[in-house]
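Shared between the two complexes below is chain A, which has chain B as its partner in the first and chain C in the second.
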Partner chain A sequence: MNSIGNYALFIAHGLAIWGLVASFMAYRSRDERYLDSVIRSIYGICGLVVLAVLALVAALLRNDFTLKYVWEYSRRSQPAIYKVTALWGGMSGSMLFWCMLLAVFSALAVTFNRRNNLRLLPFTSFLLLLTLGFFLFLLNFKINPFEPLKDGAGQLLSSYSPQALKDVDGNGLNPLLQNVYMAIHPPMLYLGYVGFTIPFAFIMGALAHRERNTFWMKSARNWAMFSWLTLGIGILLGGFWAYIELGWGGYWAWDPVENASFMPWLTGTAFLHSFLMQEKRGIYRFWNVAFIVTTFLLSIYGTFLTRSGILQSVHAFGQEDPSVPVYLRLSTIFLGFMALMLVVSAVFIWRRRALLKSGQKLESAGSREALFFYGNLLMAFFTFVVVFGVSSPIFYRMITHKELSHGPEFYNPRVLPIALAILLVMGLASVAPWRRGGWESYRKQLFLPFLAGLSALAASVVAFFMGGSLSTKDFSGRPLTYIYLFACVGISFFVAAIIVEEYTRTVRHALSRGLTVPRSLAAPFLENPRRYGGYLVHIGIICLFLGIAFSSTFQTQYQESMRPGDAVRFGPYTVRMERLEHDNLDRNFSSVNEKRIWADLLVYRGEKMVAYLQPMRVFYASNPEQPTYEVAIHSRPMRDFYTLLAGYDLKDNSAIIGAFVNPMVAWLWLGGFFVLVGGLTALVPMRRV
Partner chain B sequence: MKVKWTVGLIIVVGALALFFLSSTGNSKPVYYYSPTEFHADTAKQRDRVKLKGIIQPGSVKTSQNHLDLWFNVQDEKDPSKTIPVHYQGAIPDAFQEGLQIVVDGRMDGQGTFQGRELIVKCPSKYESKGKAPGAAGDGKGSNE
Partner chain C sequence: MLATLVSLAGALLIFIWVLAPMFGLPREIVQTRPKGEAEAAVSKSMQELRTDLDLDKIHQDDLDHIKAFLEDESSK
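Then we have the complex of A and B:
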């Protein structure tokens, strides 16, 4: 079985090399026979890599501890589902998974575009094969998932007798990752990371082949949209996991690994928008190429950062065997590949620079085209701040051998104003007229939204100061925070009102055509799914902005020592502790996987009981010393009441209850839902009824 | 059309100004120190830093109500250098003796490092610490 995986990867690597040669020949000679060979080699690689993945999954399921990977990330008692997800639990397995996704995507992309976009396939395939070849090279020679395990005496486990092998058990997957969200989160991210390779290859292919036809654009846009959506949902799932699993009451910490996935998402967002301009008006060609190349490189960078441990590990380069020469180290190989792709892209951008000139000149600084340009600039800066924040510690360490890190204090003041400006441009751009600016059209369409935004802003200021939740002293303590918050409320309502206004106009128009009411309400989505799907995404983004602004500004934290029968106020809630209970806490874990200590809490608002919560501490067999947190959350649209069992004294029968009141966190998940629905609306072609 | 470039220029200049002017006050980067480096650099001992090292085996203590946590951060290269840490708050699920840790915080007047955040190196992303079968060695099956 295992040798099948090994052979499959080896042959796939050979095919990738042949495919590269053939695609180069196809590019030079335009001989279709070479192209056929290229396509066949992509199919071949796809089949072989899928086979290798199946072999590894089979090894995981069969507890085949002769493989180092299986021994490291699985154990006999691991539930079958987490034996499968162990496939992306470690470096080499996740690279294999990455490679499989790319192989499948490449095969699909080649199949779909074989008829319409045959002419740009040679160079497109060349780039796909280059990327595939890179990962296959790593898998064969650097991080082989089928590497055999040796015992301490250097003897291969595959030489053990079957009887001796029965006594071997693996390390097992980190219990933190044995969670259903952690099972979905990495593959979602990977779908996004990998997916961006396809539009990258198409755009560079179109450029290299001087393609004047625009058929390929639809395909490239759909791939980019799909990747953007899965990456975004993956990021949000990661935040959700952190929120419910880590017990610190937050969902985002500007952690380098979070940023690693956020960077390509930002440039991907910018790409989707400016690509729209290229499709509609033939402009911003250079921006698009620049954004998609950046997105692709950041996807590779993100994969590398997350998987190599370069950032989390305080001894990242030292993690690798120091006896390995620098040029053979994983980080060098990755950076080398990124540099190669950058050079290839740059060469073609330079050689085809004449094609990247915009077909038309912009006519007005207030036109939709111009607003997209401002949005692009802002997005580019946002990305720059994040890339700088993530990368500067790496360079700093290389130069000084000292380490530093950037936290929220670095990012927030730099990106918040940019983010708010993006929000504003997002609203304005959807009403701005094509070509011409002009105050007249703005005044007509923006009057009501402006009123809505202004009144929301005024209302929130009044409500906060009069309602007593904000004193002038709080305000002067951190004025910028509150100014940003109020600005966020005002801009959000302004933008939301613009979208509602657009929607009502279209619905009215449908009604005037004599359509029924339900049909008219659905009309915008059916007749213009891309535009209104986009608006739904924008509504989701507004929800995210509001959720982030309120939860980060007004989070309050409490901690109280309690005994059964005590009632204590936590902000607007009163908590009554009923009991402190626990399982049998001896150290014997032979029959159970976990042992729990929990508090039974009744939560009241005023006189009314609103929730029954059970925050817990759980001892797992894999770490019986330190109990993990299981938080209990009472979630409502306007605030989450988040409780945890911070401390406990079983002899004294007392508990220390920690709590967070987190306003509007639910809006983040709601926003994610709108983004998903809107994205799917724009992506899935709907038949006109 | 000049207006477009003017607006663009304002955005660029504004964002650049924001980027550089924000680098004062709170947003100073936080430096990492090993116990040895921390002992040596007296100037930094009142600043907020990230202390990195190993959770010294046998040093972990909790208060009776399991709320307060005390442990020593041990230098990875020189095991004789340690710094006592006190911490109150959510303990990362992966917290375990002998693992690499980063403590974000600062020194108090009494020579105890008061942590405000603990970051434990997520073990699954690193070479496993477990023992290889056969018990004859420490499981370094190969040098990936």
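Then we have the complex of A and C:
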């Protein structure tokens, strides 16, 4: 089975090479025979890479430690779910998974576009095969997941007797990755990263083939929407995982690997909005090509950052061997591929620059078209700050051989004003009229939302200063933080009111057409799913802004040493420790995957018991020296009470209990829910009610 | 050994299948579209904009201008 996986990758690479030649010939000669062969190559690669993935999963499930990858990332006592997720727990396995997703997406893309966009397929397929070929090259010659394992004497384990193999056990998956959200988070991210390859290939294909009609745009837009959605949900799941698994009470730390996924999401967001303008008005063609090329390259850059070993992060798992010459290193190969794709894109953008000129003019600086442009400029600035923050430490280290890292103190002052400006433009662009601006156009539609925003701003200022949550001393300590917070509240309510008002007017209009109340309520989503799905996404973004603003401004942290029977006050909560318990810690790790120590806590709000929490530390077989945190959270819409077992002394029967009171963190996950529902709604075909 | 033979045979079959179209006669890539598809695409785009007309976010002459543009693009 292992050798079948190996051969499958090798043959797939051969098909990718042939497919590249044939797609180039199809592009030059316009001969459909070549294109048919290209499409068959893509189907063949898809089948073979899926076969290779199945072979590796089978090896993981069968504890086949003759493979180095299985030995490194799995062990006999590991639960079956984490044996499967070990597929993306290591570098070569995750690359194989990446490659499989791209092969499946490529096969689906050529199938669905064979009828409507046949003309674009030669060059589109060329770019898809170039990307596939690159990853297949890595898998065959650089990071082969089917590499056999040798023992200390250099003997292959595959030559061991079955009895001797039974005594072999693997290292096991990183304990931090043995979490159900970590089982979902990476595939969601990969769906997004990989998915952006398809709209990139289509847009470049349209450019290369001088396609002037708009039929291909629907396909490119849907793929981009799907990729944006899965990447966004993947980022949020990653935040949720960090929140419950790392035990630091936060969900986002501007870690370079977090940023790596955030960068293509930002440019993808900009692309989706300006692409809409290209569809309707034929404008921003150059911007769209620039945004999708950037998004694709940032997706590859994110993969490179995580896996090349160039970064040290909780998420990064690539290790570069210093004995390997620079030109053979994974980081060099990745950079070479990115440079190649950049050159190919730049050449076609230059050669087809006449096609990228808009036939239409921007008539007014206050029009909807103009506001979309301002939003995109802000997104571009935001992306630039993040790219600079991630990349500058790498260049700094290369030049000075000294370490540099950027955290919240670098990012927050730079991105917060940009983010608030984006939020404001998001609202204004919803009411802006097409083609023309002017005060009169806005006055009628913005009056009520402006009142709502102003009232919320005033109420929040009064509530914080008069209600005791904030004193003037706190304010003068970090005034900018509170100014941003109040601005965030005001703008959020302003934008939310715009959306609610527009929805209400649309429903009222549907009622005036004689539709029933339920049908009128659903009509906006059915007749205009992209617009109103987009508004649901915007509501989700508002929830995210409010959740981030409040939780990061008003988080409070506590830590106390406790024994069973002790009761300690943590902010508005009183915690009573009942017991300090543990599994049998003397058991051998050959029979269990984990051993736990936990505290039983009763949480009171006043006299009323509100929660029973069990924060724990878990020792995993794969790394028993570093127990992971399993936090326990009492979550409510306005406040999370977050507890962790920060320390313990089993002989003394005492524990150090850490706690955070985190306001409005639940709004982040609620925001994620709206983004998901809105994104899915936007993908639904429109109907006439 | 068996796995190697099976893989070699599989590879041969796959390459024969992939290369098979090359043995036919040359034919040009021609894009055909069902009748009415262009009109349907314009109609869908206009459905979104008509919501804006109902909400006073577009003037009738601007709507006509955009419709003319969409029809022109779809006919290319």
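Heads up, the rule we're going with is that the second predicted complex is superposed on the first by the 634 of 689 C-alpha atoms of A that agree within 3 Å, B and C clash if a C-alpha of one lies under 4 Å from a C-alpha of the other, contacts with A are read in each partner's own complex, and residues count from 1 in each chain.
The criterion applied here is as follows: contacts are C-beta pairs under 8 Å (C-beta built on N, C-alpha and C of every residue); 3 or more make two chains touch, one makes a residue touch a chain.
Keep in mind that what you see is a predicted model, and the values were worked out from it rather than measured.
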Superposition on chain A - do chain B and chain C clash or fit: fit
Which partner, chain B or chain C, touches more chain A residues: B
Which superposed partner A:Asn174 touches (first chain B, second chain C, both, neither): first
Touching partner for A:Glu440 - first (chain B), second (chain C), both, neither: neither
Which of chain B and chain C A:Phe381 touches, first, second, both or neither: first
Touched partner set for A:Asp583, first chain B, second chain C, both or neither: neither
Chain C, chain A and chain B - angle at the middle CA centre, rounded to the nearest 10 degrees: 150
Minimum distance between Cα atoms of chain B and chain C in the superposition (Å): 18
Touch list for chain C against partner chain A, complex: 3-4, 6-7, 10-11, 14-15, 17-22, 24-31, 33, 37-38, 41, 44-45, 47-49, 51-52, 54-59, 62-63, 65-66, 69-70, 73-76
Sites on chain A touched by chain C in the complex: 1, 3-4, 7-8, 11, 14-15, 18, 26, 29-37, 40-41, 44, 48, 116-119, 122, 212-215, 218, 279-282, 360, 368, 431-436, 444-445, 502, 505-506, 509, 524, 527-528, 530-531, 686, 688
In the complex, chain A residues that touch chain B: 65, 68, 71-73, 89-92, 143, 147-153, 155, 157, 167-169, 171, 173-177, 245-248, 307, 309, 312-315, 319, 321, 323-324, 361-366, 370, 373-374, 377-378, 381, 384-385, 388, 393, 402-407, 409-410, 413-414, 417-418, 421, 561, 617, 623, 625-626, 628-629, 644, 646-649, 651-652, 654-656, 658
Complex interface listing, chain B residues touching chain A: 1, 3-4, 6-8, 11-12, 15, 18-19, 22, 26-32, 50, 52, 60, 63-68, 76, 89-97, 100, 102, 121-128, 130, 132-139, 141-144
